[in-house]
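In what comes next, subunit A is part of two complexes: it sits with subunit B in the first one and with subunit C in the second one.
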Partner chain A sequence: MSKELLRLENVSKSFGGIRALNNVNLIIKEGEKLAIIGPNGAGKTTLFNAISGVFGLDSGRIFYMGRDITKLPPFKRKYLGISRAFQIPRPFAGMTVLDNVVVGALFSRDIKDIKEARVRAEEILSLVGLHSKKDELAVNLTSPEKKLLELARALAPKPKLLLLDEIVAGIPPAEVDKIMGLVVRISEQENISVVALVEHVMRVLKYVERAVFLHEGRVMMDDTPDKVLNSEVVKDIYLGKVYE
Partner chain B sequence: MVTAEYVIFVTIAGVMLGTFYGLATIGLSFTFGILRILNSGHGSFVMIGAYISYWCFALLGLPPLVSSLLAFAVGFFMGFALYHGLISRVLGGPELISLVLMFAFGIFLQEVAKFSWSASPRGFTWGLGSINIFGYEYPLTRLIGGVVSAVIVLVLYVFLFRTKSGNAIRSVVEDPEGAALCGVNVSRVYALSLAIALGLTVASGALSTLFVSGGIEPYMGDPYTTRAFAIAVLGGLTSPFGSFLAGLLFGIIENLSYMLLSLANVGNPFSMTRFLTFAMILLVLLIRPQGLLKR
Partner chain C sequence: MDIRTHRSLIILFLVSLILLFVRVGIPETRQILSILFFYIALSEVFNLFTGLTLYVCFGYVAFVALGMYGGGATIKYLLSASSPPPLAVVLACAFAVAGILALILALAVGWISVRLKGAYFAIATIGLNEGLKNLIEGTGIWGGSSGLVIANDLIQSYNYDTFIFVTSELADYLIFTVYAVTILCIYLVIKSRLGYGLAALREDEEAANVMGVNVVRYKLIVFVISATLAGMLGAGKMIKDVAIYPPQAFAVSYTVEAIVISMLGGLGTVTGPVIGGLIYGVLKYVLTVSFPGLQLLALAPALMAMCVMFPYGIVGWLRRRFKGSKIESLLI
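So, the complex of A and B:
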């Protein structure tokens, strides 16, 4: 089996008395694709924020490639290869599509200078099908194009770990297939671990090999998507939402 | 008599003065666009540059072209020191605090200059003679000042669009949080940007001696502050190259209105010029309140 990439050890985080993450233990392996599922308020976004370093932890530690990154600021984690794409894309509106992706690529251990960043940016833009728009200002893209740009920007730095933050929320099924298809293809080509955070599990089920079910800040189940979805625990808490 | 040659001559002179004004303003909008800090002590940094130019010439015989490089280095260093010593502590707080801070720092610089070098005006002439443009004499130093200003701005442009740090700066202008998520060390970008902005402003002060040979004194910066604010607003405040363009326009308008006022023979053309230029700015802002380059 492949090597461990990320390990969360007893990670806890509270906000004003509410335990958003409660003693979370999680291991993500190299090249693995998994979904973090759970109802609204389960702690999914908090988990992502903890991994990308948006805030400090109350307790617990996070290891990335064997290194303790618990205290590293977000930009350093990004540099090491932890990349994140957001539900609501926020491109640099006044910059061109290409420059957006160049900035995404530049600050990475695996990109040595701006020349390489440009080459990489063009390559990724071709992969996601935005190459013909590279000289347009990001503000002029349509909203599905902005999603693709967000994805391209997150993939540009050659990350080891890609965090997809509700990337398929609010878009039609055909677009979901397109985006997830791209994610799967590129992540397999480049051996990127993908963690997709989703509220509506069914939409990404077929693209992942593992599902982690979060509820009230705890990991309730961690297994294959099938087993997780059919478990009594999940059905009890979640039913009606999954099979909407 | 106004001949076509004369108008062209005045316009060329306006372009030279304008590129210098542009350079003397760019630091202000750079600081505002990136750090969201209005450098109300802007003119004092110009003054420091003028003194650097004076002392380099008086003591070492270095021409302003060379001392402007030194001036940039001094401003760059001041920017870093100022960022880490003061600005980083007030960043993200109420805007009034940074405004007062920069205002106070400007006064502090003025008083240090007065204390060190007295309040009496100094000056020097770098005698290079003139060149002849359509039969009119134009001091070569001004031509150099204009061209060098334009070259510096071009270098800044290349830096911003072609280098790693430049791209980082541009992304922070767009969205500091988004930039941080892209792996940009935003705090470092702030420090670097303030360093560059003050470097450019102090360098422009050194180049100012190419246009005005005298009047180097501790309070000489105030008109620069006024002018830079007007030009920066005209350029859209957050856009460095908008500022440059606005500065260029400002220089041309200033020279042309001086020419017209001299011909019309109403009042003192020198003091009337400022009135007319600022009136013109108000007019432009009525039409384009968002600034020249903003969409």
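So, the complex of A and C:
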């Protein structure tokens, strides 16, 4: 069995009256590929915010490689190897595509100087197919390209844990295979654990080995993608939408 | 930020040096250019923090004033000894004390306020000037409301010719030195890891944080460097003016001019304040000559027009205009 990388213990977070995360327990292993599914507003993005440290928890604790990181600010978590792609791309608009990825690479434990970060950034940009745009300002990219830039920025620092929030949403089906294939290839090469948030597991079914179903801030199921997909709970809640 | 050669920095430095010596060659320009240089230097200092972070600080008057007081008090103290130390030692101490005082104040203020976002930071720094002014007037330190004057100390300790040389020549060179150090700082910061971090936080602070940038520390670092240089600039101004009185020392207006110059030239650029300063200086001079007494009235619409014409500053506009050419690479 591979080692535990991340552990969430009884994590809760509310916004006003909404319990966005309700006693979430979750363990992610090294090198694991996992999809977290759930309808709109299920709390998926909130879960990533909790893991990356954007806000404090109401209760519960988060352990990373055995260390309690509950109180650590986001930038320190990034240094430990937690890397994230935002659901709504947040490129540094006035910077070039290359510099965006350089920032991703530069602020990490393994890459120490700008030169090395540039080399890594160019390499990742070639992999995701954005190399020809490297000197463009990020603001000028199309929406799918911005998604790719999010992916490149997140991969650049050689993370241990890659958090992808709806990375294939709005991407044409033909492209999904390309992107997910790439994620799988790099993550296997570099032993990265990948957590992908998706509204519908169908889109990433064949790339993950485990699926967690989140609903109203609770983990309702945690099993193989097949089992989760065919469970009554999931069918009920999606009302068959998954099969559309 | 693409790799820019050191050449552009050297060219900027040489151009500045020429301006400095035009002042000597054409005596009529001396007064104007030396005042202008102070403003350009101040706006570079301002740019080092605000240009790189887009956080506006209204506290620069306080840092400059503190430097003037600290430098002035140091000179007064050293010259009160029965045998005053050599001039160079006195001036060096004045700059050191000015810088250290501003640094301490910036650390104290910055420690708390850089945690505030955007406009809240600006508001937090507004109180700085009034606070320091009231402290000096209220407690009567450094001459209190009657001000601090060091002219006699300098004349008595050295001689009249030295006094004239120090206040009308040397002071300008000292201010120029602070200016040169500041542009070097901006340049080095922009090209470093710190610069990447600042560029990122300037765009999106939360995303930068998630991407590994210690945003609070990075803001604090440039804030403290910038304030320290502002304090040293104050020491230079004190040596030039040889006197400081609270009402003028804490007049926000002249820092506003520095803000205008760096916005006009281009925030976050090294060349912006120089270009902005020259244009502003010329504009103000022309308006003063053509509409005497009404220059400020005429200046406002002129500035507004320029802001509309060059929303990214003149350097920003030039960079776009000459994208990809040699000129762009010179406009650091």
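Following the convention adopted for this analysis, the second predicted complex is superposed on the first by the 244 of 244 C-alpha atoms of A that agree within 3 Å, B and C clash if a C-alpha of one lies under 4 Å from a C-alpha of the other, contacts with A are read in each partner's own complex, and residues count from 1 in each chain.
As a convention for this text, a residue touches a chain if its C-beta (ideal position, glycine included) is under 8 Å from a C-beta of that chain, and two chains touch if they have at least 3 such contacts.
For clarity, every value in this text was computed on a predicted model and none was experimentally measured.
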Combined model on subunit A: subunit C and subunit B, fit or clash: clash
Subunit B versus subunit C as contact partner of A:102, first or second or both or neither: both
Touching partner for A:63 - first (subunit B), second (subunit C), both, neither: neither
Residues on subunit A lying within both footprints (that of subunit B and that of subunit C): 52, 74-75, 78-79, 84, 90, 92-95, 99, 102-104, 106-108, 113-114, 153, 157
List of subunit B residues in touch with subunit A within their complex: 162-164, 167-168, 170-171, 173-175, 177-186
Complex contact set, residues of subunit C against subunit A: 1-2, 192-193, 196-197, 199-200, 202-204, 206-215
Of all residues in subunit A, those that touch subunit B in their complex: 52, 74-75, 78-79, 84, 90-95, 99, 102-104, 106-108, 113-114, 117, 153, 157
Subunit A - residues contacting subunit C, complex: 52-54, 73-75, 78-79, 84, 86, 90, 92-96, 99, 102-104, 106-108, 113-114, 135, 153, 157
